[in-house]
Structure formats: C-alpha cells, structure tokens
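Can you read through this structure? Questions will come right after.
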Amino acid sequence: MIYRRRIQFYETDAQGIVHHSNYFRIFEESRGEFLRSVGIPYSKLREEGYEVVLLEAHCIFKQPIFYDQEVKVEVRLESLDKYFFWFSYNVFVEDSLKAVGKTKHCFVKNGKLVSIPQKLKSLLACQLDKET
Amino acid sequence: MIYRRRIQFYETDAQGIVHHSNYFRIFEESRGEFLRSVGIPYSKLREEGYEVVLLEAHCIFKQPIFYDQEVKVEVRLESLDKYFFWFSYNVFVEDSLKAVGKTKHCFVKNGKLVSIPQKLKSLLACQLDKET
Amino acid sequence: MIYRRRIQFYETDAQGIVHHSNYFRIFEESRGEFLRSVGIPYSKLREEGYEVVLLEAHCIFKQPIFYDQEVKVEVRLESLDKYFFWFSYNVFVEDSLKAVGKTKHCFVKNGKLVSIPQKLKSLLACQLDKET
Amino acid sequence: MIYRRRIQFYETDAQGIVHHSNYFRIFEESRGEFLRSVGIPYSKLREEGYEVVLLEAHCIFKQPIFYDQEVKVEVRLESLDKYFFWFSYNVFVEDSLKAVGKTKHCFVKNGKLVSIPQKLKSLLACQLDKET
C-alpha cells in the first residue's frame, strides 16, 4: 500500500530536517491506513478488546527529509506467523528513497499475548500473497 | 514552586527554537512536580480513579528558547473554587522571562466532573495562602 | 478554510484522548493549508527569508477527541494590521464543536520584526473580506 | 553512563504506556548527557559547525513503561572508527530491563560527512576503554 502526506513544521528539528523519532510516527500512520484498507481499522480491533503491541522498531535514515515535502511510504506486510507479524516501510520523496524501516508486532488481549485473530489472519495472509 | 530542566534537541524546530507546542508540555511537567511537592503525585490521584482534565491553555511567547538552555519555570496555583483551578507559569532562561502561561483544570471521576477532592483542596488551598 | 485529517494513535495520551499540546500542532497544520490555499505556502515564504513567528496561543477544550476520529478545523484569518495577524480555529468532530483556539503571529526577517510583506498582505486582506 | 528521569504524561499513549517513538527521544537525551559528561556538550559542537547526524536507530521493546515511572538508561559508546560511531542503550525501571536500543551516527560539517574531530575522538576512545 502507498501512504502519502506532507511533512509538518512541528516534525522538524534545529537541524532543519524531520527529527528521526517522527519517522516511527509516520510508520504508525501508514500501518493504520494499511489496516483500514484491508477492512480492519485499528480502532475497531480496539473496540473488540485487542491491542496491537509494538515489539521492535528499526530504521535506516538515508537522506534527510524537509518541511513541506510530501513523503510517500510503501508499507508492506513482510511476514506473519501464529503470534508475530512484521511490517516494512520504504519512505520516498518523489523518486528518492529517504529511509527504510521495519517493525515487529503481536496482539494482546486482557494484557496477554494471544494468537493473531483468525479473521484478521486470513485478511493479512491475503496481503502477503498479493505482494509476492 | 520552581521547576528546572534542560531543553532537548527533539523539542526544537526548523526555526532553531523550541516549538511552541512544547511549552505546554513543559507546563505539564512543572504541574506534575508541583503536585508531587505538595504530597499528591498525579499518578496517585489516577490510582484513586481521578483524572485532572485540562480545560484551557494559554501562552504568550516573549522570546525564543534554544537547544540546551536550562529553563526555570515558576509554577503557581492561581485560584481554586469548588470545581476549577488555574495554574500560572513564568518561564525563564537565567533572568530573562521567555514565556508566560496559564491553564485551567477540573477533576473527573468515572467520566464525570466532580468537585475537587477535599483532602487535595486543603493541600492546594494551603499553597494559595503561601503564595499571597 | 476547512482542514480535515484523522487523529493518529501517537497523538493520544494515557487518558485515551488527544493530548492538549497536539491541538496546537493541528492548528499549525491548518494554518499551513490556509496559506497554501491563498497561494503563499510557508515553505516559499521561508525561501524568501521570512519566518512567521508565533506570539500567542490560546485554546479552550470543550470535549475530548479520540483516536481515529476525523477532525474538521475551520481556520480563519481574524485580523491583520501592519505587523500582527490573528488566526482562529474551530475544531469539530462531525457536527460537535470540540475546541476553540486562536493564535497571534508576526513576520521576522534576519531576526527582526518586519511589517507584513505587501503582496502577502493583499492576499490575506482579501481573505478577511471574504469571511465577513 | 547512567541517565535518569521520570516519564511525563505527554509521553504516554491510549494504551496507557510510553509511546514507542519516545524511546528514541529518551535515547537522544541520554546521548546528550553522555557527551556533556565527557566534556563535549552537543551545543558546543554545533557552535563549532558540526552536526551529529543519526544514520540508524533500533529498539527492542521488552516490557511497557508507565507514566511517572523513573527510567534509568545505561548509555554506552559501543564502537568508533574514522567516520562512524554507535551508542547502545539499556532502559530499566528499577531492576527490570524494559528496552534495548542502539543508534549509529556520523559527523557532518557544511553539509558533508567529515571524519570524527580528533579531539573528540580521543575523548570518546577513552570512554570505549573505560567500558571494556
């Protein structure tokens, strides 16, 4: 899936570029749109008592991003097993790759790790197929 | 009460100064230390089922604040009635006044406005006296 | 002008609602889109050596806003004189007014207060007329 | 080096825990104190025209951290060559390890990658020895 939005002034720092911590926020936004596009918005999962918990976050910053630039995030579901799933992110400004990231997640219900809900797993597995 | 801490890089923006939204975060920090100093840390109020809700926030920015500067916040309880209370904030770097703010709050329990808990009201009223 | 976008998870706090500091960031976003819609994106003003400096920020929070809700911001230029201008913001979720804010600004060039650039003043004054 | 500070309310999210993006901000704070403790505050490096640029950031989140908890960050310089250096971070609450992170950096002057300034390299190398 492709997620696009413009960089805000409050996301920059005194180096004049997007602060690195904000890339992880942009990843979260793109993940949210990915889930919505698959028909399972995170807000709905939360109503059903699930939390998606972030277990790992990684990012390689290749080139700075500046205020008012439009970023394009290619977000993909990379893998999925009984409990865990990974997303990957390629962040572009126009055709230039600015950053590459990945995050690992699981589902939690009532404070405990649970296997990925079956309905969701089918929908997600379908995305995995689509992308290969 | 006086609250001090150093400005972090992630609090700056591309103008090279502290982003205005972060002043309200520094106010929150100083408020937290104020409540702790009075013997009622906010985390403890939350365990008892109370939330402090913010109703208004105001700030006048007089001069910019820069990375690594140490800010000194004079935080005062300005007023207090059955339901509502106001804090005021003077933000200094060394002896230079950089910003002046105020915030209005109330207490909420089980999602409803409640009068300020009596124990807390006494402790707070005591601060009002001290400051006049 | 109307600015819309969805609330992100990272904008919420442990009260389960949008943290108050983030309203000022949403105001900034809406201001950016306002300037762009008038034909003077802030990034272009910065290339010409201007900074828009924020002098005051005020917000009254009427009701909480939650994750994944779509906010609609009515942003208006309220006043404009030789040096200073005010924006106002009404923040809605569907038809419910959640917050009311205003901010005061000026232009700075080479670190000094300057009168509002004439070209910009004409474009902005035009907006003032439109809204009355 | 050990860096300690308390978690603020604005750092939490609607899961009631510290938002993952903020760990990278806490890492930045601890890095800042590390450099200061070695006698080379980052603000001073910037006055000399250097920027420390972040190239990679990684974090494994082991257990959530909550509002008002005091985090203790063990920050270490892990490696250092002509151009690049890595920091590692162990984040504790009391004796419980909550997260493990690492970041890769380089120096930039006038927009170009430069070798690590010699004076700084000596001071940092000294830290490497101390820690092994």
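Just so it is clear, A, B, C and D label the chains in written order, and each chain counts residues from 1 on its own.
Just so we're on the same page, a residue touches a chain if its C-beta (ideal position, glycine included) is under 8 Å from a C-beta of that chain, and two chains touch if they have at least 3 such contacts.
Note that the structure is predicted; figures quoted are calculated from it, not measured.
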{"item": "Least hop count linking chain B to chain D through chains in contact", "value": "1"}
{"item": "Interface residue identity across copies chain A, chain D - same or different by half", "value": "same"}
{"item": "Farthest chain (mean CA position) relative to chain D", "value": "C"}
{"item": "Rounded Å distance between chain A and chain C, as computed from the means of their C-alpha atoms", "value": "28"}
{"item": "Length of the line joining the C-alpha centres of chain B and chain C, rounded to whole Å", "value": "24"}
{"item": "Distance from the mean Cα position of chain D to that of chain C, given in whole angstrom", "value": "34"}
{"item": "In chain D, residues with contacts to at least two other chains", "value": "9-10, 21, 25, 28, 67"}
{"item": "Contact set on chain A toward chain D in their complex", "value": "15, 20-22, 24-25, 28, 51, 53-61"}
{"item": "List of chain D residues in touch with chain C within their complex", "value": "9-10, 12-14, 16-17, 19, 21, 66-67"}
{"item": "Contact footprint of chain B on chain D as seen in their complex", "value": "8-10, 25, 28-29, 32, 41-43, 46, 67-68"}
